[in-house]
Amino acid sequence: MGMARILFINPNSSQACSGGIDAAVAPFRFAGGPSIEVATLREGPPAIYSWHDWYSVAGPLVALVRAERADCFVIACASDPGLAAVREATPTPVLGIFSCAVLAALARAERFGVIALATASKARHLLALRQLGIEARLAAEIALDVTMETLLDPALARRAMADAARQLVREGAGAVVMGCAGMAHHRAAVEAAAGVPVIEPCQAAAAAALGIVLAASAQAPARAAE
Amino acid sequence: MGMARILFINPNSSQACSGGIDAAVAPFRFAGGPSIEVATLREGPPAIYSWHDWYSVAGPLVALVRAERADCFVIACASDPGLAAVREATPTPVLGIFSCAVLAALARAERFGVIALATASKARHLLALRQLGIEARLAAEIALDVTMETLLDPALARRAMADAARQLVREGAGAVVMGCAGMAHHRAAVEAAAGVPVIEPCQAAAAAALGIVLAASAQAPARAAE
Amino acid sequence: MGMARILFINPNSSQACSGGIDAAVAPFRFAGGPSIEVATLREGPPAIYSWHDWYSVAGPLVALVRAERADCFVIACASDPGLAAVREATPTPVLGIFSCAVLAALARAERFGVIALATASKARHLLALRQLGIEARLAAEIALDVTMETLLDPALARRAMADAARQLVREGAGAVVMGCAGMAHHRAAVEAAAGVPVIEPCQAAAAAALGIVLAASAQAPARAAE
Amino acid sequence: MGMARILFINPNSSQACSGGIDAAVAPFRFAGGPSIEVATLREGPPAIYSWHDWYSVAGPLVALVRAERADCFVIACASDPGLAAVREATPTPVLGIFSCAVLAALARAERFGVIALATASKARHLLALRQLGIEARLAAEIALDVTMETLLDPALARRAMADAARQLVREGAGAVVMGCAGMAHHRAAVEAAAGVPVIEPCQAAAAAALGIVLAASAQAPARAAE
Amino acid sequence: MGMARILFINPNSSQACSGGIDAAVAPFRFAGGPSIEVATLREGPPAIYSWHDWYSVAGPLVALVRAERADCFVIACASDPGLAAVREATPTPVLGIFSCAVLAALARAERFGVIALATASKARHLLALRQLGIEARLAAEIALDVTMETLLDPALARRAMADAARQLVREGAGAVVMGCAGMAHHRAAVEAAAGVPVIEPCQAAAAAALGIVLAASAQAPARAAE
Amino acid sequence: MGMARILFINPNSSQACSGGIDAAVAPFRFAGGPSIEVATLREGPPAIYSWHDWYSVAGPLVALVRAERADCFVIACASDPGLAAVREATPTPVLGIFSCAVLAALARAERFGVIALATASKARHLLALRQLGIEARLAAEIALDVTMETLLDPALARRAMADAARQLVREGAGAVVMGCAGMAHHRAAVEAAAGVPVIEPCQAAAAAALGIVLAASAQAPARAAE
């Protein structure tokens, strides 16, 4: 079981973003446990800003998955790009971090809110929620729409996210989903500010992936014996 | 972080059932990781057979939770009894294994099926699905309604569950939820038979609980620094 | 038919509350008609304030119902506590006053509003609406959250309820449900203030119970003749 | 209060049908209680067989209501024809028997079935259910589509309805609505055969109407005092 | 195919209104194409102001349709009055302009808004949306509720509609439906002001009717050959 | 207005398929009307068989749309691939043929059925229906899953489609959508066999596109005058 491998794939080409994903999932690595690695999609755009980006990474994601071996793949971008194509290309379980995050939110609360980096992401989040059939449980979604300077300034970014989370709680959210990867270092602070569970999507997916590979490893003999 | 504790509470008084829960979550324990323990509700009925049982365990569950310290409580019965009361009684995260299982199924497939031990459980499962807002994603639920002899005979029980899972797939399920605790040793075999992901509820909840405590532990300093 | 008996059960131990229920249903008693009585659950809490209370009364309600004879039982608390357990325990029809009230509202208007005594009740009301499948018809719910002095002051209580009802109408309610028992003496005044039907839940349940027992009594011979 | 009047309006011109309505509501009359009368719409068609009939009775219904005085009007045809127009024409409460019946069914069970006289009625019933927002709670609808001889033969009609009710229960109905007026004398027998509550629509509406007029009469003084 | 005929029926008796419909559909006439004509329902009320009006035109509409020959009938009033009755009366395709307009909006955007002439129309629009099953996609509806002088003053009417459309966009509408016939001359200006597609209902129905008759005409030989 | 141009884009590289689209929309061309042309996506796969294909055509579609001038673009594949990306890339209206077809079906009937060429298409159709919010109106979808020989044999293909359409009607469909392009020559025959409207998706989109460009052209002066 120590050989089990969970592969997060950052579908954009930003190494900084991959680093953020790696930091988010670090607490989910343990001695003797599954390896959790992060691959960067070199053919990807610098970020998934547009629908064009969203569609365009499916092909390279499929190619990467076909070239890799893992016990669980995770598409690590908060609009779950290419999910259906990757699932079609491999029998290995494939998770999307946004789906995992909103489902983790529903395990904690009746209704949830989403913090998006930019307004443009909202339509893709809505598509994912409608696909999951849980659009009605979205209390509200707030886009930060802040400048890159603000995002890179830890104090300003944290304050912007905390303000958004508090506003989502006022609009009925009993849990808050961080609608972008790479912000895990703010999670606990935003949760403390909001007073409700705050879900970081890479961590939600790491937990779900652990669930799959640990359950599978435990019964390999039983399965072989069938 | 090694001190984090996840406490599964079996709301019935059956030690055998607690043993089944313990076996299910064993793969989720690792050196240096959170402890995962199973408590048995002594005041509980031998099993949650009826609505009366379902309501009656809420009080004892609240008392137990108030007397224990944990970083995450899990109510380990596939109808999530007492969930709202327990959440009201503690600031600690509280999960229900059925909710966790169906949400894990939705992370893998469009529609899911449920295998119930007995017809009487279906109404409680339906209540939980309606609470979560995902009733429309239930492809079908099949009750085994087999004798205790069949259940205790490993080969017969496995065959009954595999037959049910295959039938659920024929009715549109892309994933199957085992609607009762204590059957984890059949999970892999049923999955192999059905050809779709099969979710054992204690394991789904163990993964979700790990997600909560590992994410929280990682950022304790950051939170303290706020 | 004069022997038919409708038994309202106040699941809290407050005699004052039972008195309010009795006053609410008084207009539904008539010579030669079914008796309508109100029992107080001695083992109940002083009021159903919490989820813990909500679960805890199920057992005593079942015991009371098993010890009584009636042609229709009514659980007279605006969160329908223990309904499933009581129904399971007796072949006699069992009604919940909140369900009856919102269904009566839907017979009069497209969308309805609910006046709750306290914010804590809203989650239980929402559970009931989701169970009934009519959550989408809730225009809004407003909690009074007033002090006990205000509630006991007839003029202040009436004004608070009238204000809430008018606000619900502004938010789209075509009928208003009083989300607590014991306020029947304000019903007509609130209705006059709001300009839309205002439903008192004990009265809605009394009407539904009359519907059951009068229909049943009429055909006893026919049924016997089958 | 003895002066309160509930007026059922049979929107077709059949005196036999009005007689059936009168028989259905007879158990709801009591000494000192509201009068419950049945008017026949002379301008109506012999029966509401078609959408054309459904629309055409609205005008005459409005005229009749404007010429009558009542404390509650009930449109006594199981497709609730003209309901919106009549409500628009009078400040007096107006009920439709089909709406009342399905709401009464929901007060008793999770899902209900409907027995229609003829296939052509199903579309009108579906319209009403969609208007109420409870289409998802319809387990199934079965049309008898029997000859008039069968309908008029008490034993044959009863057997046809009992067969339909049993089939509806097999398809998931926890209560059954008789989707036509004039069959109240079969209600108890069909209920005994089906083993679940069977709702006769005129009786459901009579109960709802009693709820309105008894609640209103009780507080006339209070209201006057405002 | 040049003989195909699309007949719009204005269900009110206003020649001015029929003229507005005629102007709206003028761009859909072309040499050698289907004739598109507008009939005025002489028995209709001056306008469909009330539910009474809505029901009352069904009978005369049926009579008119039975007396006419067409390849497609269109009921040209923005609450689709009499639609079910007319469909029942003829095998010829029958469209309602409101249904066509909201479905055309959904082909362009996730959510749409509706501009109503008067508040009273909103309930009828809501009925139609619920019938279509797309109520959840209505972002908002705004009633102009302006005086006749304003409506007849081109500049004032256009400004009122543009203001409403902009407000609907702010409330989430990605397309706007003009909820009344006869305002086609404002469509382009309102669309320019709102920045999202604006749908005129007669034009949406004209397009849908062309779709039916052109598709049908193309394959008449094939069909004959069956 | 004669200069208006509707451009259908076949997102696969099959000239035969483009020919089928051209034949389908031929009846929508008329002298002096908008030109209706069909472009073939050279970079596209031979057909949209997989999710991989579905994602992969978005980029080339965007490039093609940026290089072309039209008054309305139509993506002519029955799973509406790339729709969001193309809409993002141009201010020109963009339609998808599947969306247009199911919305046209809803303008004719309460519930519709879909005939798919292959089982693999069903998931993409379901995604589109969920996006539109009308999944609940799908009576059923049947995949032909026939060999290429059957598809190319006119008599066999027609019989297979007619059989499927009749089956969909038995399962509640009041209209049938042909879930693939290139079968327009069978439309009338299948409609005759099924007895309900049968919608060919390219024709439904052609009608919708005509609606957009004819409405727009009519008011160019008015818009200019703003």
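Going by the order they are written in, the chains are A, B, C, D, E and F; count residues from 1 in each one.
FYI, a contact is a pair of C-beta atoms (placed from the backbone, for glycine too) under 8 Å apart; a residue touches a chain by one contact, two chains touch by 3 or more.
Note that the coordinates shown come from a computational prediction; the quantities given were computed from them, not determined experimentally.
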Pick same or different for copies subunit E and subunit F, depending on whether their interface residues overlap by over half.
-> same
C-alpha-based rotation, subunit B on subunit E, 0 to 180 degrees, nearest 5 = 180
Which one of the chains is farthest from subunit F, going by Cα centres?
-> C
Could you state the distance in Å from the CA-based centre of subunit B to that of subunit C?
-> 34
Starting from the mean Cα coordinates of subunit C and subunit E, work out the distance between those two points in Å.
-> 45
So which stretches of subunit C touch two or more other chains?
-> 110, 123, 131, 133
Would you mind writing out the residues of subunit D in touch with subunit C in their complex?
-> 1, 26-28, 30-33, 93, 95-96, 99-100, 103-104, 106-108, 110, 131-134, 136-137, 184-189, 191-193, 197, 200, 203-204, 206-208, 210-212, 214-220, 222-223, 226
Which residues of subunit D touch subunit E in the complex?
-> 50-52, 54-56, 58-59, 62, 82, 84-85, 87-89, 123, 127, 130-131, 133
